[in-house]
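Pasting the structures here.
First chain A sits with chain B, and in the next complex the same chain sits with chain C.
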Partner chain A sequence: MLKRLASMAAILAVAAGTASAEPVSGGRANVVIQPEPPSLMLGLVQNGPTQMVAGNIYESLLRYDENLEPQPQLAKSWDIAEDGLTYTFHLYDNVKWHDGEPFSADDVVFSADIFLRESHARLRNSLKYVESITAPDANTVVFKLKEPFGPFIGIFEGGTMPIVPKHIYEGTDYKTNPANNTPIGTGPFKFVEWVKGSHILLKKNEDYYVDGLPYLDEIYWHIIPDAASRAVAFETGVVDILPGGSVENFDVGRLTELENTCVTDKGWEFIGPLSWLWLNNNEGPTADKRFRQAVMYAMDREFAKDALWNGLGKVATSPVSSSTRFYTDDVTKYDYNPEKAKELLAEMGYDGTPVRLLPLPYGETWQRWAEAIKQNLEEVGIKVDMVATDVAGWNQKISEWDYDMAFTYLYQYGDPALGVGRTYISSNIAKGSPWNNVEGYKNPKIDELFAAGATAVGKDARQKIYTEAQQILTEDVPVAWLLELGFPTIYRCNVKDLVTTAIGINDGFRDAYIEK
Partner chain B sequence: MRDFWSRFKRNRGAVAGLAILVIVVAVAALAPVLFPQSPWKMVQRPFLPPLTMDALPLGTDALGRNVLSGLAYGAQVSLLIGLVSTVVSLLIGIPIGALAGYFGGWVDDGLMRFTEFFQTVPNFALAIVLVAIFEPSVQSIIGAIAIVSWPPVARLVRGEVLSLRSREYVEAAILSGQKNSTIILRQILPNTLSPIIVLASLMVATAILLESSLSFLGLGDPNLMSWGYMIGAARTVIRQAWWLSFFPGFAILMTVLALNLIGEGLNDALNPRLSRKGK
Partner chain C sequence: MLRFIALRLVKAAVILIAIVTLNFFLIHAAPGDPAAVMAGEAGAADEIFLQQLKEQFGLDKPLLTQLGIYLAGVVQLDLGFSYRQQMPVAELIWDRLPATLLLTTAAFVISLVLGTLAGVLASARVGKWSDTLISTVALLFYATPLYWAALMAVLLFSVQLNWLPGFGYETVGGNYTGFARVLDIAQHLILPASTLGLFFMAVYMRMTRASMLEVSTLDFVKTARAKGLKPGLIQRRHIFRNAMLPVVTLAGLQAGQLVGGAVLTETVFAWPGIGRLMFDALAQRDYNVLLGVFFVSAAMVLLFNLVTDILYRVVDPRIRAS
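== the complex of A and B ==
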């Protein structure tokens, strides 16, 4: 009875909470950042932890909601010409840099056309399609394209095109500019201090151009190197927010059962992390398509999702993540079917040649996953040798194609032209990088489709092209897709509006507030 | 032999140790019969506590694998690595110690400085470095354990040989013109056997601990289910599933304890004059 009363009270409290959903100002967000970022200068460094912290200091022109529809950020509105060649952005006119200097369209032109072309490889690839970037007046920026580029409206995200201050960087050596240590942006939070190995402190930008925002006074990023200690820090109330991936998956269940604890797997739609097994298409048993299909049938991916990922995420059915544009489920499906796998192996005459499996050295979950897959494969008769390795060895073995099967996961950035094609087109076959077409898959038809998909105009036309590409790829199985990863963000329930965009907490603190 | 057994028997701890070791060896030998399925096979839902299902008395781990089956196969790995690495380190340590003790002079100096070089590096740190360099596998782990364990053998054998070197029967052998190799192998080494056996039994125990520690740190052979691996994998879930680290830990404890007790018993039995008074 007491318990029931308590739960009634809890429900009432929640109801009261939603009734008075008026954001309140003040308070400090205590957040874990893992691992410690190498730098906070988002224009130079774009790895995960840097984006997570610096995404609240720097901004771009747009943000994206969970359906990847563009939302205003520095640009309050934008027009796209009918022919898909001219993009005009109208900027907010009361924006100031954190050092008090006024922000203008010149900063955008400098960042996109000069600074980031030099420092940001991923953006540089997209800017190939751009003919000119101009600022007809202080609050307008015009991008003119040489040919239509379908995903263009998707490149104005904070980590993809962070706007940097022209008055600080113009004419300097960007990499050695001392200002890199005290980042100056236009974002809702200003940099205060960074004590290496301890914490990063950001404070509210009082002059933020959107009235009333942000609500929080401070964000305090705790640097805690050990996963178990991070979990304890949440339990003891030292931190209130655990971003995705900061605790071991095995701890997620226990932590979410704590009082006043909420969990969400939203906020990763933009990058759409998709995991798969590289299958060496060049040599060994994995060069045979039937063997690769057998691998797909042999893996019990539902089990891995439930046992290792706490049921978060989705079984991947296609090379395109279901949160990415132009996903289709009209493809060859591979359900767990060991019998079918055995038939395929018998048909190809697999002779029991052992295959080497390389786990991803990112912690316990990935190690257990490799053990489960190895067992799945051995049950249909594939002999698997697990190779132990560290991060450096993993990078090197994959870059040099010295593997038969290897775990990985890559980001999709919302559009097949940005994050999917790179894995399958033959022009991306080159030793030396673990992120290109490492499996060595060659198919002229696929090359053609991805080339056409990038420049086709109109959603329907692009959908048709990418549907065909997904159908061919799921038939050929160049790599064995595993899961669309779900990274849980764990937080106290009184932290509200934390994850409101497809980029999650990378730019989420702008709207977040803490209910008293 | 009968004398040996009656003296060994007098040490009750040693008999208990022997009994435990016999059980461990039997389980290891019978593992494929008792558990025909691979210990890696996922048989039930994950995190099944012990004693909830008759077929799985010790429950299941994070992937639903049978903990009891893992223990049985882990016994194979531990015993195999313990024995083989001890044999390898004896093969390195005995010749070095015998040569140093027999020839003395600069040979002794050279070999002992070499031995000290290994003795000054912390055992476990060196083993980690070796395994990390050569990629974890059964061979590299056995090699690493042998390389860090042989110096005490060399020092022990050297001491024994030094003291035997001046005995009359050795001098007689030298005078009768026997070759150095014959003297070392036929006359001296057989007489150093008892302390070596005692030391070796303790080395097996140390080797099992070393292997477990390496596996715990994730430097075990990823294709083998070993006790250290089981504990290492259970470390992150120790608060949800105590049994995953408890049972393999208990197995390591019992095996190492058994080997130590046996070592003590052997010491009593092989060196009757040293055995403690009042027994």
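== the complex of A and C ==
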């Protein structure tokens, strides 16, 4: 009974702020998934669409509310030792895998210490701080760290540390295990079928360890490759939920005016997508700090937000997103000021050398945004050549530093040590990845601050370090920050409690229900 | 005859290997590789991760070695494995084949039947308003971009009139069985198949009309008229049959392409066919899938050519003799 009360309290805490009537069981959710995921085995593939579907099949120890405070998932409670070196998780004891086998602390140890160390590049960086992972009993897991790691409590999210079944994967070749095609997790929904190119079907996990959950009977994920057709699918009632990024932004206004249609930009707080222009610090005009500052002043980012993003999101004021921990607005500000931009360009003696601008090949919105920026830059006298690529070509050009300015957006994962430092520290300057320090910015002070920030103990100490880092970076402008992106989730208003956590739709269907 | 077939089969095999080799180099010339795309999608990539992926895909080996491995597989009819989709390529193609064949065959039949019919009608009323109307509409179909036509068709018949489903192969979650399922798929087929058929419909119409008019001036038709045969009979028996020869040749060419799928139509209508498989594979640089689709399409074209040549020899003794 106590346990049940505890779990109910947890659910209420997560669902807080989403006023709703008494939830009702039953019904089907029809959701768009775009693009079709390469695989649903979340332990092996961690891209957006995989996590959106498989986030309902696999789980981790925790989930996070919109203020990024940890909430129970497979762990019903947890203790952190005062020295910040020992994290103890107490697991639910009535959890079963979808194939009926009991789940235990051994699965967590196997996942975190063996499976994911091999397959999960992002988690591997955080696991560097871990000395040991042990299971003193079937329902307890202990992580011991070598040194304190500030964001450690933030790495127990479904996409960051998905728990996979030891009894299926131990001793096998993970990548070719046939079970990858029929994923087995502990989540609120079970995998039923995947008709490639058409749809994915998940059904309610009747043995879910939280009583009464989930409410929905099934979820159909519709695979519709064309953005206009996805909008039509919503208009004609075939689908009820369009996750962020499913339709072109210029269709959002029209769709949200339809009857019984709601929209929210919540649910992205954990990953905190922040967009910017890579500026090549190694060569060309962009190697000059004054040129980079001029770019910041030349861009009308409010216009882009209102005209291209339907007013959703925020103009970025710092390398840290405002929903990420340790954000500060006590930094150099760059308002739209073409005159100031011209002054800076004159001061540096810009000779009109053209710069190559790479739009992000993710659809019409990004193409138009590049057009708008090109116009902004040309108004202050910067000559811009647009370079067209597809996704693979874009990846390669960025990874090989073959650009002057290029659009991108990256996730922050709630903490500067997880998603911010990687872009600016000099040890991350290496060709071959589109996600490291590809602009080539080098500043020993910044290296020192991010190293200290990761291992400092206490919120105040970390805030002080990251405030200083943000101040230096906004002065140096290694990249030109654009917007904290607001991706609209469009859905029928009678679908309730769809977005209740900072991870949004990725783990939203556990709590969602359809009001009759 | 057997010697002829054997010789042609050997020729076809050589051509096929040449096509595969050419495609292999073309695909590898495009910027980016599957490892970079997958690492990019993972949102976090370091050297180790990229290296792991490259080893897994076999991309760390020299290009010629990769080609050798691929060709060795192809000779044994093994089209390789898609690491992205975690499935053998042959299985992926096999899964998509029914949907593509249904779509392209339906479009083929629609365009052939309606196009020929319209051509016959137009030729029978040369210079009259109905001929002008049919010819103008055909020209319009010929010139309209497929993508635009598809979206307009969805807007009109699906969004505005709500007569037909706008996308998909069948009602997802409808759980229809038996005849109800056939009906459901047929409904979903109408818009994509007609849109896809528009272009060839126009081509068949123009060709039939021109061919009918040409044949109608030939001597044997004059003779038929002079014999006093009824105009309808001359039209059907004498003119139409002879006028069909170029149309049949064209249909043969179109039939060879049936397996290749229709990228644009399948994308707009979310039709789970081979065209989309190929398009996605291209965007993701899923080399094995792309090469696999090209291999199957090329093999089909060669096969149809061979069958046509054999049929010619059976039908026309002059070719056999030479």
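Please note the rule applied: the second predicted complex is superposed on the first by the 496 of 516 C-alpha atoms of A that agree within 3 Å, B and C clash if a C-alpha of one lies under 4 Å from a C-alpha of the other, contacts with A are read in each partner's own complex, and residues count from 1 in each chain.
Simple rule for what comes next: contacts are C-beta pairs under 8 Å (C-beta built on N, C-alpha and C of every residue); 3 or more make two chains touch, one makes a residue touch a chain.
All of these numbers come straight from a predicted model, not from anything done at the bench.
Once the two complexes are laid over each other on the shared chain, residue contacts for A:Lys146 go to neither chain B nor chain C.
When the two structures are aligned on the shared chain, A:Glu364 is found in touch with chain B, with no touch to chain C. Residue contacts after overlaying the shared chain place A:Ala372 against chain B, while chain C stays out of touching range. Once chain A of one complex is fitted onto chain A of the other, the partner contacts of A:Lys128 are absent, as it touches neither chain B nor chain C.
Of the two partner chains placed around the shared chain by superposition, chain B is the only one that A:Ala307 touches, whereas chain C remains out of contact. The wider contact with chain A, measured as residues touched, comes from C rather than the other of chain B and chain C. Once the two complexes are overlaid on the shared chain, A:Lys333 sits clear of chain B and of chain C alike. Of the two partner chains, chain B is the only one touched by A:Met386; chain C is not. Of the two partner chains, chain C is the only one that A:Gly197 touches; chain B does not reach it.
In the superposed pair of complexes, A:Glu248 makes contact with chain B only, with no contact to chain C. Chain A residues 228, 389-390, 393 lie at the interface with chain B in one structure and with chain C in the other. The residues of chain A lying in touch with chain C in their complex are 28, 30, 35-36, 38-39, 41, 45-48, 121-122, 124-125, 175-176, 180-181, 195-199, 201, 218, 220, 222-226, 228-229, 232-233, 235-236, 238, 389-397, 399, 410-411, 422, 430, 432-436.
On the side of chain A, the complex with chain B involves touching residues 227-228, 248, 250-251, 253-254, 303, 307-308, 359, 364, 367-368, 370-372, 374-375, 378-379, 385-390, 393. Chain C meets chain A in the complex at residues 30-33, 36-50, 56, 83-87, 92, 95-96, 99, 151, 154-155, 158-159, 162, 165-170, 172-173, 267-273, 276-277, 279-280, 283-285. Contact residues of chain B toward chain A in the complex are 38, 40-42, 46, 62-64, 132, 135-137, 218-219, 221-223, 233, 236-237, 239-240.
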